[in-house]
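I am attaching a structure below and will ask some questions about it afterwards.
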Amino acid sequence: MKPKSETNKIFTRYDINVEVARQTARKVSEDENLQKVADCIVSGNEDELENLVKSILHIKEPMEIINGGLIAGMKEVSRLWELGVYFLPQVILSSDSMIAGIKLCEQKLGRPMEKKAKVVTHTAEGDIHDIGQVIVNALLNAAGYEVINLGADVPVDDVIEACRIHKPIIVTGTALMTTTMTAFPKIAFGLKQINLNIPFICGGGAVNEEFVTSFDLGIWGKEASQAPALAEDALNGLSWLEMRTKWNG
Amino acid sequence: MKLSNSMAYKSAKEMIFGTALKPVKTKRGLILGGGYVIPEIVPHPRPGSEKTIKSLLREFERANEDALERCVIVGIPAIQIENEHVFQMTDNPQWGMEIAAQTAHQLDEYYEKYGLKCSYRSTIADIRKPDQIDMRNSERTDKIFEAFKYSSKYADIISIESLGGKEIFDYSIIRNDVTGLLFGQAVLGGRDMEWLWTNIVDIAKNNNCIPGGDTSCAHANTAMFMAGGFISKDIPQTLAALSRAISVSNTLVAYECGAVGPGKDCAYENPIIKAITGIPISTEGKASACAHMDLCGNLMAAVCDLWSNEAIQYTDMFGGSSSAVFTEILGYDAAALNSAIELGFQKQFQACLINSDRYRSPHSFILCPDNAWAIGKAVVDNNESLYSRARAAALKSGELMFNDPNLQFTAFEKESLTKYIKELEALPDKEDDFIDMCLKKYSKVKGFKPSSYNL
Amino acid sequence: MKLSNSMAYKSAKEMIFGTALKPVKTKRGLILGGGYVIPEIVPHPRPGSEKTIKSLLREFERANEDALERCVIVGIPAIQIENEHVFQMTDNPQWGMEIAAQTAHQLDEYYEKYGLKCSYRSTIADIRKPDQIDMRNSERTDKIFEAFKYSSKYADIISIESLGGKEIFDYSIIRNDVTGLLFGQAVLGGRDMEWLWTNIVDIAKNNNCIPGGDTSCAHANTAMFMAGGFISKDIPQTLAALSRAISVSNTLVAYECGAVGPGKDCAYENPIIKAITGIPISTEGKASACAHMDLCGNLMAAVCDLWSNEAIQYTDMFGGSSSAVFTEILGYDAAALNSAIELGFQKQFQACLINSDRYRSPHSFILCPDNAWAIGKAVVDNNESLYSRARAAALKSGELMFNDPNLQFTAFEKESLTKYIKELEALPDKEDDFIDMCLKKYSKVKGFKPSSYNL
Amino acid sequence: MKPKSETNKIFTRYDINVEVARQTARKVSEDENLQKVADCIVSGNEDELENLVKSILHIKEPMEIINGGLIAGMKEVSRLWELGVYFLPQVILSSDSMIAGIKLCEQKLGRPMEKKAKVVTHTAEGDIHDIGQVIVNALLNAAGYEVINLGADVPVDDVIEACRIHKPIIVTGTALMTTTMTAFPKIAFGLKQINLNIPFICGGGAVNEEFVTSFDLGIWGKEASQAPALAEDALNGLSWLEMRTKWNG
């Protein structure tokens, strides 16, 4: 690529220079109805999706709709997000829609759909900067995990207690203040004391790799978008140390 | 509370850095907005120092002392120090007071010994979490007012970055939902500020302290931060611009309740506030790169009265502590601006600052004095309600953005903006109708309690 | 080597930031001094990272990457990165080369991917200690040339901060001895530079690299640093000013030997050098508060072509790494200057910068473009020898300082200046006589070896 | 004091605002000749002083000149420096003069004058920023100590070896680079290993209190002007820990 405005002396709009060719979602199903469901997910239109799912549920099995339409559509969304075509709100709206669709299917099924696994998320004690956590929640949700969302400003002991009760495959923490990030090593210590060697993914503007890898269990999470892949690793049985080696350093 | 119905400035051309129509005089005689720009340095304590009041006092003592000493070393004629409360200082209001008292004493010393003109702003932390407590009725709410009472005994100026409507804002910003921004920021945030600032102004008056002002940092800066720079994919720049325009509706409330400025540095909506009210404002730009990025590092100085760095964590640099280093940087920035004033080149200088960032991003575009003034005008011309003026501000900024062919958009930004504007236009005209609609629409948002806002 | 006998600029009025009479083009097409100001960021590795080549490579990789990425994030159109060798990089010339190669690769990537215009300056450390080795004949001398050879394979520009005459300078500066400054800086420093730069220019040419230039950092910046601010009691400001004026005589030598610029950022004498030679210069001011203070934070931008921060140690800040943060700050400074150029307000903008610091201190006073030009004129009009032109520069600056009633002095500074000028006037006219006198006078200075300078 | 120029918007020359009333040196001796010697010290005029001392040595005892003129004059210089009247070069020139004077007296005495004690000074390995050390040398010299000046860029082992040989009451180090200051803890460790608990005063722009007090023996020196008082404490038998408590924290 060559610079667009060789003469621009004051600033350069690199975003325009490099705007990704706007790809669109690919087809995910030969079945017209399922493709419609997927389209609704891709456009993040929750109301339309609900109506659609309600009507299709008369002619299709709930699990078919979930797997062939809802989840298949969400996979396309994730792909567009990773390509840099989709922005965050588009992912969140799609995820909201998917959750609404799954709920309808579950009603028909008569039982909750099985989630991949439990994860616990929280924002550090004394810290109300929770947007990072909110994003992580949405992405993990969308990826099929049951998110135990402890919210913001969560006392150290509450995090440990939640892990004791739920035995999640990972626990995440967000801290944006250098005065609150100190909660993380305390949580890690508490978990180890009760023999819970759960990978503890720590993110947020205040923390960096050096800090997070200075205590056991800690794995540094740079971008919220990494959360699903991190959970996947834990699900596949990687230990916290293996995950740290893979993601950090 | 009466909603503003006129502009303090007749036009943007009259607005300039260093001078405000309604200057403010602080305890040691320093005048803000009285003809020249004053640096405002904001040091932040290091992690760990918040553990005890003793270590926190020591930390602020060093950071403030370094700033004051550097003023004398390089010849900075005047300075304002801001200490933003960390959680512990508001949670233990006595801590905040002891730090304020210590700081006032430090300022007195430099004033006596060197004639350094100086003042002190104490910013209380809003420790209420809208989704977890009742905003008007909780232990934390009581602590905030206590903290105001205690700190205002020693500070020149008190401020806060209030959190009203944050639960709805957070929900909406990541869903591209401009309706939610209107509701969270203007309707809820504005109502919270009205209640809060009626009380704060009383407290300030009782303690001979200046009620400074508030900011929509919790909303519009979150949006700005998420929009980020030219490689971020969180939210579109155009949404951050609309969130900023909307924020005028709530931030203005503090002044409508009796705050007199200087506005808080992190309120990037301050140029619009100044256009409407004539109060002196603090702004931040390039030196606040130490805390976060924006795309308007020069522009933000165009009509500032105080020039700030957002917050710099205390640390050692080759040239001294970070507090000293950033004081020096801000001091030189202010010196150049004041030099322009003295030479009569302030308009040319201002033009250079504006031109640097005008077309850098949609968010910076709407904060240029001419656009800021126009948005302010839309606000005062539509003052039926907090909602109506916020909506008008958003629509106006959309119009401005679309009408200037020099402003470039990415395809996604432009698409999004078109959609936002359509959505805004379709909303009801009356605030009551809008509120009814939103109470329904957002009833499922976790932790949203209409009672927190007397709704 | 021929000593300059004319001024490149007809008057100070023609000198402006962003444009040099003799612009320089770097490998990726970036033009320095070609019409706009370019930020030059200088990151410095953290302690410990110098232990192995691996950790040092990683450290520079991060620091440089953060700077480049920040350019894209905030839209900075062009950047120069300087890496100053730490001791280990010159002591092991291979290290310096590997880091230069890695950096060149990083720049290529950003140039390809985003069109970011960028260049790289590698500054070799002068590891010769005048009082301990023979400057022209030692293992360390060999290593320096090797380092130049290796690094110039990848860098766009090579520079050094040479140490000739430092032993006499150090002895003299703490003894108020202006004669010693003349001898150490001009006579010895100039001779060392002539020898050094004749070789460096050859090496650069062989590797298609630009011979950037040198600085009297070792002398005049030490003086400036010791004079300090308004509460230092190390040396008088007036002595720092004279040391600066004198430094022109030696720094100029690099260009007389074939260096073409850009001049090194830390050479505060660069405005004078630019007036004489027309080469593009890098300067530093307010943002170099991170490394050391000066009293001319704005002024130094008045005629700069690159705008630098001296050196910032790599560290984490709220807003990103220090390297990213200072890139952003410099980027905005440059944007404002370039904005002034685009609007045709460059002279007004320049006036504001100058007026900010003109009378802040004697040292800043003599670096204002008009005074800088006048000192340059004294230098070229007295070009019989390195000595005669340095003495003329010092006398001229004394005259300028005394003749402007707006420049204030403390009593001690004024007294000292009177004494220095008297001393300068009483010195012999011929360089040979002066050298004879000094060889006697400084024979007892520890480690001084006239043979190091072929004397 | 009240501000001088209330209207100055751009900068304030605080140095002029607060310039100390220019005190002059006090009389130190009733003896006309000794007073003349002291005057030469105070004005830092080495040549004049040498001539003066040479002539007075015919009529006065060397030790009388040293104590009653040279050292007495130097005390005045130190007083003026502490008051902020004198600048550094004035102190250095006075100190140079005093040393020259003492040398003449010692020739007459036929033996070196007894110094208070030995001190070792150095600038860290890899570091050539030695102006701080040069100042420290001059001040310690002036205060009557025998300065073993190791110079700049001194290897760790050489410092330890010099201490082993000279057994100084203090050793000082200067470091201006963060990449060289790491030599200090190594030196301290080396000294302790051979049981030399010598107070190790570390200064220079790179180091701060926190760093220097993080290793045994270390005492942080902020200003070169503190060096004589620090040496005095060591001379009076204070341990490194007592000195640290007094000067740091």
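Structure notes:
Should a chain be cited, it is by its letter among A, B, C and D, assigned in written order, with residues numbered from 1 in that chain.
Note that in this section a contact is a pair of C-beta atoms (placed from the backbone, for glycine too) under 8 Å apart; a residue touches a chain by one contact, two chains touch by 3 or more.
This is a predicted model, so every value here is computed, not measured.
Once chain B is removed from consideration, the other chains connect through touching as one piece. The centroid of the Cα atoms in chain A and the matching centroid in chain C are 51 Å apart.
Put simply, the C-alpha centre of chain B and that of chain C have 40 angstrom between them. The distance from the centre of chain C to the centre of chain D, with each centre set as the mean of the Cα atoms, comes to 32 Å.
Shared interface positions of chain D, defined as residues touching 2 or more other chains, are 10-11, 13-14. Multi-chain contact residues of chain B (touching two or more other chains) are listed as 72, 74-75, 230-231, 313, 318, 335, 338-339, 342, 355-357, 360.
Contacts between chains form some other arrangement here, matching none of path, ring, star or all-to-all. Pairs of chains meeting the touch criterion are A-B, A-C, B-C, B-D, C-D.
The touching residues of chain B, counted against chain D in their complex, run 35-36, 72, 74-77, 112-117, 316, 318, 335, 338-339, 341-342. Residue ranges of chain D in contact with chain C, taken from their complex: 10-11, 13-16, 19, 22, 81, 84, 86-90, 92-93, 96, 126, 128, 130-131, 134-135, 138, 151-153, 177-182.
Residues 1-4, 8-14, 17-18, 205-206, 208 of chain A are the ones touching chain C in the complex. Chain C contributes residues 44, 69-70, 72-75, 228-232, 285-293, 295, 297-298, 311-313, 315, 317-320, 322, 324-326, 328-329, 331-333, 335-340, 342-343, 345, 348-349, 351-353, 355-357, 360 to its touches with chain B in the complex. For chain C in complex with chain D, the residues that touch the partner chain are 45-48, 50, 86-88, 127, 129, 131-132, 163, 170, 173-177, 222, 226, 230-231, 233-236, 239, 313, 355-357, 359-360, 408-412.
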